[in-house]
Every structure is written in structure tokens, then in C-alpha cells.
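In what follows, structures are represented as C-alpha cells.
Two complexes, one shared chain (chain A), two partners (chain B, chain C).
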Partner chain A sequence: MKSFSPQAKTLLFAFLLLALFFVYGGLFYPHSADLPSGGSLEEPSSAHWLGTDDLGVDLYAQLSAGFFSSMAVGLAAAAFAFLLGGLAGVLAGLSSGTADAFLSFLIQLFLSLPQLPVMVVIGAFFGQSAWNIILIVSLFSWAPIAKVLRARVRQIRGRPYLRLAKSYGGRAGYLVSAHMLGELLPLLSVSALSVVGKAIVQEASLAYLGLSDPLSRSWGLLIQKCVSFPGIYFTPYWKWWLLPPVFALVLTVLCLRLFSRELETIWRREESDAAGA
Partner chain B sequence: MKRYLAWSLALLIAVSGCAAPPASSEASGAAEASPSGTQAENGRVPVLRLAGGTDWGAPSVYLHASRGPGNAKKDLIFASLLEADEKGIVGWMAESWKVDGNDYTFTLHPDAKFHDGEPLTAEDVAFTIDYYRQFPPVNNPLGAGESFLISGYEVLDPQRIKISVNRSDAVTLTALGGFEILPKHIWERVEDPMTYSEPDAFIGSGAYCFSSYDGAAGSYEFTAFDGFCAGEPAADRIQFVPVSDELLAFENGEIDIAGLPADLFERYASDPSIGMIEKANDMGYKLLINFEKHPEFLELAMREGLYQALDRQAVVDKVFRGMGAAGSAGYAPPGSIYYNENCVQYPYEPEKAAALFAGKGISVAMIAANSGNDVKIAELVKNDLTAAGIEVEVVAYDSAVRDEMVNAGDYEFALVGNGGWGGKAPAYLRTIFSDLSKNRGGNPHSMGPIGYSSERITELAEAQQLETDFDRRVEIFQELQLEISREIPLVVIATQSSYSIYRKDYYDGWMKTYDYQQAEQNRLSYLKRG
Partner chain C sequence: MQPVLEVQNLSVEYPDGFALHPVSFSIAAGETLAVIGESGSGKTTLVRAVADLFSCRWARVSGKALLEGEDLVSAGEKRLRQLRMRRFSVVFQNAASMLNPAMTLRAQLYEVLKKQFPRGEWPQRAERLLERIGLSAGDLDRFPRSLSGGMAQRFLIACAVALSPALVILDEPTSALDPGAGAGLIALLRELQQETGCAFLLITHDLAFARALSDRMVVLYRGQVEEAGETRALLDAPRHPYTRGLIGASAELMPLRDLWGIRPAVEEAGRGCPFFGRCTQSAGLCREEPPALLQAPGDPGRLVCCHRGGIVTRLEGRGIGKQFGGQTVLHDVSLRVQSGETVALIGASGSGKTTLASILAGFLSPDAGEILFEGEPADFASLHRTEGGLQMVFQDSESALNPAFSAGQAVCEPGNLARLSDCEARARAALREVGLPGGDDFWNRRVSHLSGGQMQRLCLARALTMAPRLLVADEPTSMLDPSSRANLLRLLKGLQNARGFSMLMVTHDLAAAAKVAERVFRLEAGGLAELGREELLALGLS
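This part shows the complex of A and B:
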């Protein structure tokens, strides 16, 4: 934390503020995110901070519930990408010949597949559930991580101290855990963090396209329901129905992306400092 | 589907009376940018554009989707013997007809011909009857198998055919006049009509020729048929174009008619250049129970409990934005001349429902469509039933998939919405409720309760059809509704009223028939009218 730049600290603070806002809405705000608690399309007031939707369900409560489901999908996808991408990257980096060619092919395959169309097809096939969304998003998140990690492992493994350790009989597992992990973890963490933002956008896209549970609370679904309201742009409703989820989505993803970029910059600077020393 | 269809058809069009499509869509798009374009010399508007974007199937008699919008597109291309206008039945491919007991003699229009220039004769009508007996089309007024309506026919001469039925009833003439006539010279070669999509599958004798169809985009185009015998097309072309927001597209002049959202009624009602057509309580939603999977609902009190649990007025207020009515438990909506106001009323009594369902541990899966108002209504129904103690899991599907599941009986509870409830004689009460007739067709007007049977309802539902005296038939319909409201074979949620708006100065021909309220789905709306 000490080595964080002022920008990184600001971003982290902004994200925490945003999270706090939604945590309040999810845990302490009196209205339910699932059941109607007011009249149809009530404008924002002290009773309903962000107004209500056409069914009379409070929008702040829905937005907060959407934050939790978005973050859950984002974090789960990031964890999956962290594990699978890390494992595939290290294995590909350490192996050679056919095994490396196969793993590299697999990585390239997932990198080159057009994501959204394939996600839509898989989503439609597996049906509507949060777990399926996590699975689909994860499936398309591990390959970029595996690719950078493979390159990094290849770079490290030629170093003299590793060759020495290997000549003393060090096995692959030992070499990775004792001599490589320290260098790999920051890269892996930063890459996985960037998956969170991407996963949130992908989850919103799939929900918008109608591939999530239609009764669940997610930002994508909230946006979709609002824009499909007949004549929405000729009514005042879009101001409190459409803008909050769009801003929430943009702000959250922006914070996460910029924060992960900041971390990457810091990590690279530290690394080059270390190399210079 | 099939861009090649358009190209292949260009050849056919060149030798027929169909107006040629424009050389390029870009060029035509530029010319049509202003909706207030003047009418052409032939008195037609250059193009009528409607909101598309949904795939309603290819517009042939075997390939279109079974719901109204799919049927309407097929209706532009194909023609039947009779049609209906504002007042009643009128001639279409038949210029006159005579009823003599169980025999119906139709005299065809002497100029009747198909889009490829071949004359339409009594032989084509006879061929179509035999062909439909063997291969029932999607929209099938003649019935199938043993219940096939026609017992025989006799081709009297190229212009006249006598069709006989076993027993004539109140709807026989409509049914005989309602099937689309196929060109014999094309379909006699076709052995598998269900998959036949060659360009000539789209040759009919209707007022418009097929020009293009793209299922993925949900776009359709039809061109005027100059050789149409029963009237004069009102537009050179009809297009269904994909739009993201119907009203925005209407405001931008991209389409010529659009649904009017309830919240914006005042905005357009006061504009003298805007025409409006009302569809009173025409869209309705019902909750179907599969009694085979939930036999506990065979007990009447349990079905009454469902009505007590549901705040149906909330559906009208919140989902329909006030335009509509909590449905009559007798099914036919208020406003219809057949409506029975004495049907049993079921007010919203959540406490009673909760007391009834408490401790029973009932859990149901409810299927719904994943679009339109269906999801919202499903959410309200789920909330209400959950509050009453019934656990509900909502699973939403594409509406075509939902329809297939309902037709296959693959559901526990099903939320089904469809148009066509208002305005017409509720003949659908027979196809939904009669044990002898329900679940026979693929469309929502024949989706009835599975595993439930009632002698009295069946008797009344079948009797109304045999009754040719109008007043007596209305009485039977009212008695039937009363019985349905007492027995509750299904739960009527609510009916929705809506309006379509259009620019009067561009095209003012939109109309409703005496028994159908959907102006956009009615082929007379696309003809010049005196």
C-alpha cells in the first residue's frame, strides 16, 4: 500500500466508496430488491432514493443487488482465470515440444475465438443461471493470462540460478514454488484483477441479451428492461431508471481497470528498479 | 434465410405482374427518407414500412410461425376464397358463393391468377383441399385427420366448385373461405411441403408478391401484384424493417405505423396529423395448469385460491400502465358483445389464499416467454404466489420454444399471452376448453388445460358452434363463460388494450375487420378501399 501511487490510492478510494454505497443499499436500506415497495415508476425521493421501476421495485436496492451479483461473477471469473491461466501458463512455459505446442495452440485458440457470439451460443445452450454466466465468462478469461505467463516463465527459466538449481536435481514443482512464484505472482495477480472488470461487462452483455435468469437482479438486465420499456426516451423515466445502472457499470469497471493498470505500472517500475540494482 | 430467394424471384417477377423491386436498397432508402413523399401516379404510396426484427418464419403456408404476425405475412402473398371486412364476409378469390344445406358452391373470379401469371381455377382449389387433407398447413381452418371438415367436392367448371361438409354450422363458411389456395402446377411436384422453401413456394394469388426474407434480421419485403383480382394494392412495396425502438423509428420516419405506449397517449392523441386505431382488450394473458403434473389443483378450492392469491389489477396498472382490464374468469374479455358480466368474480384476497396454501408445500415451475410483458407478469405472479405459500421457479424461454413446450404438455404452470381475444366471436372458447377440440392446433387459441375435463363445458363449447341463430349462439357463449368462471380450468390474468399510431397524411388505409382488431395483420389494410 505504501508503494501505491497517489492515482492508485485515489482509484482504490473511489472504488471503496462505490462499494460502500452499494453495501449500504444491499444490507441496510429498508427496501427489497425483489419485491415491489412503492408505486409504479416513482421518481427519486427520500423514500426511494433512486425511484422505482414499472413494477414498483426500488431501484437503489436493485442496483445494489446488481453490484453484488456483478462483483460475484467478476471475482469468481477472476479466481478461475487466475488458477487455470496460471497453471496453463506455467505448464506451457516449462514444457517443450508437443506439450508446449498443444498448450500454445489451446491458448491461441481461445484468444482468437470471437468471444461474444460464442458466449451467446453457449449461454443459450446451457440456459439461464448465474453459474453458467460465470463458467462462460471464465472460459474466455484464462487464455490471455496463460499467454503472458508462458512468456514470463520461458524468460525466467533460462536464468543461471535456475539452471543451477535444476542441475542440483530440483524438480519442476520445487523450481516453480521456490524460484519462480515470487516473480510470477505479481504478474498473475495484476492480470487476474483486470479480468474482474472485463467479466462484469461480459456478464452485463449476456444479461442484456437475455441470457441470464430474467428475474435476477443485474445491471445488464436492469438496462435491458429499461430500454425495452415502450417509448422510454419520450418519458422522464429513463433519467432514474437507465442512468444509474449505466453509471454504476461504467464507474465500477473504470475504477477496476485503471487500478489494475496502476498496479501493473508500479510492479514494472519495481521490477526495473530491482534489475537496475 | 436465403438471400438467394430474392434473386431467384427477380426472374419470376420479371415475367409476372409483380412490381419490380428497386435496383438497390441504398437508392430506395434515400428516396424514402421522408415519409411525406407524394403518392405515385398509380395512386399507391411507394412503400409502407412496419417494425420488423423478429423472425416469424418464411411466409409460405407451411413455414410461417403460427402466431398472428407470421400468419399475416403469409396472408399478403396467398389468398383464400373469402375475406372479412368491416361489416362481414366478402368475396376474395371467389366473387360469389351459394349455400345449400351442407353444400357450398363458390364461383371464382374470372381474372384470378397466381403471381407467375398462371390462372387460378377450381382445379387449384380442389387440389389444395386434397393437399391440405394430406399435409395440414400451419394455419389450418379445415382441421385434420378424422375431423377434416370437407367430406367431398365437385369441380363444376373451371370457375366453379361445390364443396360439401358432413354437418354445416356457424363457422363452416368462414372455414371453407379461409384456407389459402395453392397453385397446383407448383405443389403437385412437392412431396415434402414442410421443408419446401424453393422460390416457387412463395407464389400465391394475394395482393403482394414475395420479394425477400431474412430470418436472422427479421426483415421482409413484399411488392404489389398488379394482376390481383380482388382489389388494388395500396403500396408499391411493404417492408418489415428491424428497429431497436419502435417509437423512435416512427418519430424518425423509419416506419409508418407503431404501437403507442400507454404513457404517451396524451402526446399523440392531441396531434391532428396522427391517426389512431384501438385494439380493445385484444391481448390477453392466461396461466395454464398442467393438472397431470399438479393433480392437487383438480380440487376447485385450490383453483379458487390461485385467483385469490393474484393481484391481477396490479398487472393492468403496472405492466399495461392502466390500459386493460383484470381478466374475466369466463375468459371472453369485457367489451366483447359476447361477454358475460355475470361471470363469477374473484377479488384479490391474499389472506384467504395464504391460509389455504399454508403448509401444503406446493412447489411449481412456471414457464414464460423471455420477452415483452411476459417476464414482468411472471415476476408479479411469482411474487403473489410466493406470498401465498406456493414456491415458484420461473423459467423463461424464447416465445416459440415456450409455445412448443406448451403444445407438447411439457410444463407445470405456463404463462401464455396472445392477441385476438377481443372483437370476434369467442370461438376460441371451444378450442381452449372443449375436451373434444382443445390442444389440437399449434396456436395459442388452442392451448387448453391438460388433465382436466368437464362434460358441461365441452357440451356448451361444441353446441355454440352448431348454433346458426345469432342470439341463441350469444346465449350459449354466455352460459359457457359462466360455467368456465365457476370451474376455472385455467386462470385468466388480464387483458390489455393498445393503440397503433400512424401518419394520416401519408397513408390512411389502416382498418380493422368486424372480427379482428389487428390492423397491421389484416390484408385489407394494404389495399385501396373505396
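This part shows the complex of A and C:
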């Protein structure tokens, strides 16, 4: 991944602009995201860039806080999925017989479970906290990574140089760290990156359903609050109350997903180049 | 029947040490026994001891040499004089210098004939003898200086058989002859032997001559009999490493193969086996104790003087079978690889060469059969990861190397995993051995940036760092240009000669196989067939 394609660069740039916009809102914008700073339901103005909500809390500040909370959930879930999926994938790829069958079954199980209903049930059962959300989201994100990785490890482990390394007395830990990691890491990173976007959407969904931490500032919660305002569509408020979080969500997730797709493409191309060389 | 000559524990001691260890052998009437060995192996000492020709008395001869039951060693000079020429005679090397230049051939032949025959028979007998050996009666009046080397040789033989002795000792009869004369000499000696029924004791280092003439053979090294047996069997399947070395160094016996002398001694032989320092399979016992000449295991006609029972069988596959998807690739294949030898496996593509090699190297498990490494069921897991075990070089060297590794990392890998102490020094030495630069520049280069030929050599170097006793190489030269191929094959063979490892080489290159391999097998329709020398010659020439 030495050279990004122009598309990848554009996407990365767009995401950075978005992040910068929210960083400003979170760190330098004068209004608080928690306390009222103006009148109720004010229109966008120079004082309140995106107006205020029904309690008079600044919407731009809330949106920015939502970015951090959503990103934190997404990154944490991705990190968990990275570790869990990587470990399970490598173990399943290296093992054979019963162990492999068991791990593969587990992976298949998590792949085929209907996610949202189960998430709703678990979320309702375990209560509403940010960590629970992260746990639930990562629980449903590791399986695809593990599946891809397992296939990859199985493909690599049949190569003559690995058979030789094994014959020289190399143990599983050595084989993975010395011979496989170089190839697995890009795959793992790209897969984990795509989890970030997915996790943000899933967190928003759970928040929208009221299963998220009610004190957090996530975009899903923001949307849920706005939609539950009686008669919102008969007022002009939805234009600055509802649209910004929806756009923020869509834009952020779109950037992340497209970027990870792009990285995957680049990585695959490099791989086939290396194989063809 | 009483043997013509029976040598019992004959030994010769020079003041500076033994020249001939106790030697025993016997020759029957009408039989030819060849004694072969390098120069300095004690061949001529043996002749002198048998014929009691030691002019100086400081050589102490003990043991017995019974000629028709009469001991020559203890016989006095007077008795010996009576026996010489009548019951035994010697044809010395350098024929021309053994003749008196001032006497005609007639005079010299009469000197012999007068020992037994009345004066009246001399001219007739002399003429008949000369015609018998292919000279004309007119040559009798010539002087030795006007004879060619071959003629002088024949004349000396005429003198030696003139009195129909029971034993004729031929000391290096071919040393002064050109090749055509050698063939004529063999025919002549055979005829003489048939007519007179005499026995020949042939002393020579010319293996082809010995092969053509002798029935049995004794291999001498530093005054010790290393191996004895029937000539053909001994030359076709030597059991002692020294014998094999001699054969490998004989251009006449190995018309197709490269010549390799026996390696010089790496350590001086002490009390133990005299061949210890030059032997590539010597063990601790060989240093300490001299071996005895014993019957070779599984071969009643052969005597071999080796603690390890002769050349060790390094790898043996018995009744190996393998199927892929219901199709039989190998059926009941058995193959032996001895220590220090190269076995080549040839065959059309798809004939199962690689399958067999992988099975024998432990990278594929057979459906049937067993594999023994030095007599024990092969424990491949430990053989692969220990020094002096078994290493395999795969055909596709590119896939056998991690492209992300540096050359140094790749070649060091087995040593590192086996926790060898001087791993990097070994690796660099191995790189130089296979003709790759051992410097840092190459060491740090990524494997993916190497050429096909370099990768192939890298794989070989990697295998050699473990100093394997058996190297299985699948098409080790397929990626190389002819010059590199020649270098690499010579290098492998040279390393083998010096280190004594065995090699099983899979190849489709018959010419190369014939050059480096002691034995060549062809895999066809799942079965194995050994190609004989004649077949190889025919294939090699076509």
C-alpha cells in the first residue's frame, strides 16, 4: 500500500475535512453540547450555526460530540473485531480436524444469525451502556473477518516455503509471525476498517431504537430525539434538526466504506502483481 | 584341490612402520587374482614378499606364502633359485629396463630355458615361444633397445611362461602400453592361461584391465585388504568406500561420468582404520580400532574390512505405493540410496518422480510401504530439523522461498530454527559454496528481487547449511543455463565427494544424470527400473 490511487486520496481528504469540521465543533466552538445556550428551536444563525433543539442546546455542538462518540464506538468495535476475528481466523486456518470444524461452525453461526433482532434482544437484556454497544457490535463483526482470514491462512499454509519452515521445526507462532503476518495484516486491516462504518450505523440503529446509552451524544440518539418531537414535519425545524445528523452519518459512513473498498482493491492489485512477477 | 598359492597372514614391516598388514588370500590353478590399489598401497611390497625378492634384510617379513604347499618366506635362497621360473615367475613393470641391453633376446631366453631343458631343444622352444607371443623367430637376434615397449613386455611374458610355472606374477603389465596393445595383451594372457593352466597374480591400478582379465580381486589400501570378492560383482557393486572411490576415479570404467579422485585425508589415520581420514562415513570406532576383514553382510562371496560393514545404506524405501484420486501413481516401488552416492530418478513428466521423491523425503505420506533411514524407520520430523539429517530441495524454488524474506534470512532459517550456534557463518559459507555472493549486498536483498537461477541456488544453500546426510533434490538445475548447470552439478558432486552425503536427484535431464549419478533409475508406469551402463551409453549417445 505504498501508493494510494487518486480515488483513495480524494476519499481520505473528504473524510479529513469532515473530521476537521467536527473537531472544530468539539474543541473550539463556544457552545456546549449538553447545556442550553440559546432559545428553544432557534434557526441557524451566526451565533448558532445549525440552530438549537427544543431545549435550546446548540445543534452543531451536539453533532460534533456525536461524531466523537460514534467514531469511538466504531473504532473500538473495529479493534475488538480485528483481534477476535484475527485470532479465530488464524486458529481456524492453522488447525485441522475437530478444532477447525468447531471454529468454522462458530464462524458460520455468527455469519448466519439475523443481526438486528439478536442485537435488540441482547441490547435490551444487558442494559444501555456504550461498552455494551461496542461488545454487541464487535460480536457481530468478527465472523466475516475470521472467515476471510481462515481461507487466507489455509491458502498460505500449503505453500512449499511454509511446509519447509514447518519441517525445520518452526512452531505455529513462528510460522504466523515470520511467514504469514506480512500477508495477513493488510487483509486484516482492510477488513477491520470496514467494520468501523458498519459499527457506526449499527450503533445509530440501536440508539434510534432507544437501546443505547441515553446520556451519550451519538447521532442515532440525536435523530431519535428529533423524530420523536411531536409534529416535527409540520414545522421547519426538521431542516436543521434532522437533516444534519442524517447527512453526517451518511457522509461519514460512505467515506469510510468507500475508502476501505478502495484500499482492498489496491491491495488486491498489488498482490496479483506480486504473484505475477 | 590344493591352491597354487596360499598366502597366510603375510606381513612386512619396514623400520619406519608397517608396510603390509597381515594379508591372506589364495589362488587356484587357472585362476587370475587381481590386486588393485593406488600407488603406495603396498601392491609391490606384496609381490616382493611373495616372491621373496627383498634384497635388503631390514624389511621383516612374517607369515606364510605357500606355493603348492611349500612356504616361500621361510625357504632359503638356494631353494628359491630352484623354484624361480620353474614353479613361479615374475613379470616386472618397466619391461624394457628389466632386459640386459647387451644381450640378444636369444641369449636371454636361453638363460631361462637352460634351467630345465637340454641344449638341443633351446632353439626350437625359443622360436615356438616367440611365435606364441606374436613375435617372429627372426626377432630372436635383436637387441632389447630395438624393441618397442609392447614387444619387450611380450618377450618378458614369454620368458616368464617358458618353463610352464604354476604361478605367474604380473606387476603392472600395462603401465608402458598404449590402449590397443592392452587389449592384445589381455587376449594373449588368456590364451596362455588356457594352454598352461597357470595362475596369474595380477598387480595393477588399471581397473579396466583387471576387470577384463581377473576372476577375483583384492583391494589393497595402505597395506591392508579393504575388500575382496569376485571381480565383476565387486566392480559393479563395491561394498567398501575405498573401492567405490577407485572406481569413480577410473576413466575406463566410467566412460560417461565425471572423474573424481578420493578426497585427501582430513585427518591422519592413527591406530584405527587406515582409510579413516579419507572415508566419508567414518564413525568414532573407526578412529580407535582397526577393522577386521569380514564377510560382508548379506553377500557370502565378499569380504570387506569396515566397522560399518561396508558402504552404509542411507535410505531405503520398500514397497512404496501411492494413489491420487483412485489412480495409481506408484506401485510397489523399492529404492536404496547408499552413503556417498548419487541416485538419479528419471522419467517422463507425470511419471511420479516428484511424488516418489517427496515420499522418500518425508513430505508426502505413502499409501503403502515403509521408509528406512540408516536401517531405522525414518523419523522425518527429527531428520528435517537436525544437522546431518535429510533435506529436500523442491522443484519450484520460487514458491519454496518466502518472497518477503531477505536472502540471508531465508538461508539462515533452518539453522536458526535448529538453534545452531554458528548459523550465519554457515549460511554465508553455503552461499559461497553454491556460487552466490556471501557479501552483505546479496545477503540483504529481498528474495522477490532474485532471478530464478539465484533462487534455485539459494534453496540449495539453505539445504546445505544443515549438512544433510541425504539430500533429495527435485530438478535442482531446471532454472539454470548450461554453464551454471554444469557448475552447480560439479559443485554438488564435489561437495558430495568431500562430505560424503548421499543424493537422490530427480531430473529429466538424462545426460546430466549419467554424468553425476552412480545409479540411474527410470520411473515408468508406476514402477522403477535401473538403467545399466550399456543402456545409459546407448541413451547418452543417441
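Some points to look at:
The criterion applied here is as follows: the second predicted complex is superposed on the first by the 275 of 277 C-alpha atoms of A that agree within 3 Å, B and C clash if a C-alpha of one lies under 4 Å from a C-alpha of the other, contacts with A are read in each partner's own complex, and residues count from 1 in each chain.
Quick note on the criterion: a residue touches a chain if its C-beta (ideal position, glycine included) is under 8 Å from a C-beta of that chain, and two chains touch if they have at least 3 such contacts.
Please read all numbers here as calculations on a predicted model, not as lab measurements.
Residue contacts after overlaying the shared chain place A:Phe234 against chain B, while chain C stays out of touching range.
In the superposition on chain A, A:Leu215 contacts chain B only, with no contact to chain C. Of the two partner chains, neither chain B nor chain C is touched by A:Leu20. Of the two partner chains placed by the overlay, only chain C lies in contact with A:Tyr174; chain B stays clear of it. By the touch criterion defined above, A:Gly182 reaches chain C but does not reach chain B. Looking at the shared chain after the overlay, A:Leu164 reaches chain C, while chain B stays out of its contact range.
Across the complex, chain B is touched by residues 34-36, 40, 54-56, 128, 210, 214-215, 227, 229-235, 237 of chain A. Contact residues of chain C toward chain A in the complex are 362-363, 380-381, 384-385, 392, 394, 396, 399-404, 413-414, 417-418, 448. Across the complex, chain A is touched by residues 245-248, 259-264, 267, 314, 317-319, 321, 370-371, 375-376, 378-380, 382-383, 394-396 of chain B. Against chain C, the residues of chain A that register as touching in their complex are 159-161, 163-165, 167-170, 174, 178-179, 182-183, 274, 277.
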